[in-house]
């Protein structure tokens, strides 16, 4: 089907009533791809200061059934996770990504938490991951795949606990892109996650936990001085 | 899928008499519009976002060749492959060849309308590859041997009792008398069944809401997370996308995503928006080993530069279906092919021909609600009218309607004759209807009077009365 | 106003045939607001039946006829959003490729207004002195609403009618199922739509249904009558002009004539 490519490109050009674009036009278009200028970014989050953005992130995430615990520092994370699991009657056994972002957390403070670092498997009830950024505009988490952050950990466990730092909260998706580009090449998968999995496919009645996590819990570390 | 669009009237008749369907459509007619209206009220920049979204798509269409070539280059650079397919058959065969090369037995699938368009499932099945739909609604219609009746809510025409019945018939591994009364229990059962399928699948096939030229990525949007389990667990991820899905940059995708969720379900953002670029990296511990994008033309290029080009801006949000009173009355299956509602009324004839699909652009009151809610401001009524003009030029409509129109037009172009005829009709009907003020039946007007009374004219036409008055005044 | 505003009335074929009172109500409203009104005799219909059936040639011929007949007035006023929308929104497109009339069609479009929006938007809300005793609900006819932006104007004027209370439907903006030839080409679907509409109307508890378009009015009046509803159906201009004593509600006969 190698002829398909040329034929499709040919009919596009025929439809547009022109031949192949000239080199100058292509160069301009390539430049504008490189510039990746922003379109309109809604004021909702962009107009706020960082504290306001964090508050908006929390409000938006809660609106879509995520739960959030704010903690003062890294040291408080294990207790927050343990308390959440107890409160939900969930086992204190969890799979945690090998993400170095999670390394400074003193998990040993809570010996009751049984932690496995690595890839989630079917049957893992609770997963803990870090994340890359969070978008205040819609209460959205941004997670990247990588050697230390397998994507399946975001989807297989029934309960997904995300450790987020306040400094990771940005106003809009566009800032997420900027941070991503600054980091380097695209990862295999970028996940924008806004609340736990859901469906409305039966009589448009909302049911949480369709295929992905039934619960999304965010532990937000106030590291921003916010 | 064998189209039944030519049978639209019979399909609609059946749908109007189907109690379950009517109950289901009743829920959808209010639900979606209310949620959309609320979401848009919260986004004061919505109209400005629309302008930006339209500009993005127009820029893409003007340079479609460039963006597709750039997209391809970047897919290859990140280790993936692009397969260009001119039509449905090439696309089906490409997918089958990829499955065979991987020795695939089962494939899981995220919801993809272009997959329906190329009738992929039947073809795979006939060739020994088992496709499993994983979107809950799509899974329900698959086990019922139906097709989606809505582009984002495939089972919107069903009520929960019908779903329960199908689950009992299909999931025979569970006790027959189990409780399946609520969407919650139905969903849990599907989750259990499909989890196994996700883990066992050899290949995952998804559609794409957008392709990003800048990065060579595909984007899918779901609420369930099925599209993610579909693509990360198996050995290969195949993306099916029609060529107009490409957009230049991630920034452009962000703008369109802001429009999509709000227009579709009234959500601020869909639960999962996933950007996939190439196969798993060498050091990754999960993800597909192969990444293939099957780029499908199937009639798109023929729309470029013509009167239906604007249709290529469509982002498949379904707002036009959700707000269409005709769709709301008869549901999607009545349209007889993959796409329904206003977008289907315009698109279907371009894909399967106006001879087959002539009813669709005619079955509209031109109420204009579709265009008013379309995030891409696609002039759907204008294009339905364009189809009617083509039909008329080809003399395809029913003969009686054409003659009636010709007689009426003859008079309408001759004011004096028209005045006389109108005065007469007013007089005669006025006299006949004098007693009750309306008719319960009228010869030649049964289309009207079978359903409703025909109010009688006052008795003299306006022009007659006006002339009388002017004469009096002149005296 | 030194010079009176010279208005030509485009009667519309349905008003001409079914409901001349609407035409006279329009004239009264316009004259009360200080206009002089003329009714050009070379008018028949706006051409929508042809246009919406795909018959472009006849539609163009009729459009050219309207463009010529209505050339010499300050404004053209139409007691229908549908026909008004045809002239205002569609004539310029339809005649765009006919150099002899393209500009005239655009000029006509710019001067043409639906009656109620003309009173409110152009003449800046003249006072309405009418009285109507009843509870009314108002259906937003599709073309007027979406092509011409008619939504608040009739409600502003109705608010001045003494004795009248307005009660809104849940979905006043959803199509009634008329759609010109649609209602006879797809009668079952049309019936479903107008039945839903009738339910919505009845649920308001209103005793009167008002709307600015004869097509929709005939459809809804016909359905309400078939369902045995006693709701009175009228063109909004009849109420605003205080002419409801001149003629029985649509589809009814005056008690003394029955």
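All chains are identified by letter, namely A, B and C, in their written order; residue positions are counted from 1 within each chain.
Here is the rule we go by: a contact is a pair of C-beta atoms (placed from the backbone, for glycine too) under 8 Å apart; a residue touches a chain by one contact, two chains touch by 3 or more.
Computed from a predicted model, the values in this text were never measured in an experiment.
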{"item": "Which of A-B and B-C has more C-beta pairs touching across its chains", "value": "A-B"}
{"item": "Far-end chain from chain C, centres as C-alpha averages", "value": "A"}
{"item": "Distance from the mean Cα position of chain C to that of chain A, given in whole angstrom", "value": "53"}
{"item": "Separation of mean Cα positions, chain B and chain A [Å, integer]", "value": "30"}
{"item": "For chain B paired with chain C, centre-to-centre distance based on mean C-alpha positions, whole Å", "value": "32"}
{"item": "Per-residue multi-chain contacts in chain A, two or more chains", "value": "none"}
{"item": "Chain A - residues contacting chain B, complex", "value": "1, 4-5, 7-9, 11-17, 20-21, 25-26, 29-30, 32-33, 36-40, 42-44, 60, 63-64, 118-119, 122, 137-140, 145-147, 150-152, 154-156, 172-174, 177, 186-205, 207, 209-213"}
{"item": "Footprint of chain A on chain B - complex, ascending", "value": "24, 27-28, 31-32, 43-45, 48-49, 52, 56, 62-70, 78, 83-86, 90, 93-94, 134-137, 140, 153-156, 158-160, 163, 183-184, 186-188, 190-191, 194-195, 198-199, 213-215, 217, 223-226, 228-229, 232-233, 243, 248-252, 254-255, 257-258, 265, 267-281, 283-287, 295, 297, 301-306"}
{"item": "Chain B residues touching chain C - in the complex, by the definition given at the top", "value": "9, 12-13, 16, 325-326, 329-330, 362-369, 371-372, 382, 385, 387-393, 397, 401, 405, 408-409, 411-415, 418-419, 422, 425-426, 434-438, 440, 445, 447-448, 450-458, 460-463, 465-466"}
{"item": "Chain B contact footprint on chain C (complex, rising order)", "value": "11, 13, 15-21, 23-24, 39, 41-45, 47, 49-56, 58, 61-62, 65, 69, 93, 142-143, 145-147, 173-175, 177-194, 196, 218-219, 221-223, 225-226, 247-248, 250-253, 257-258"}
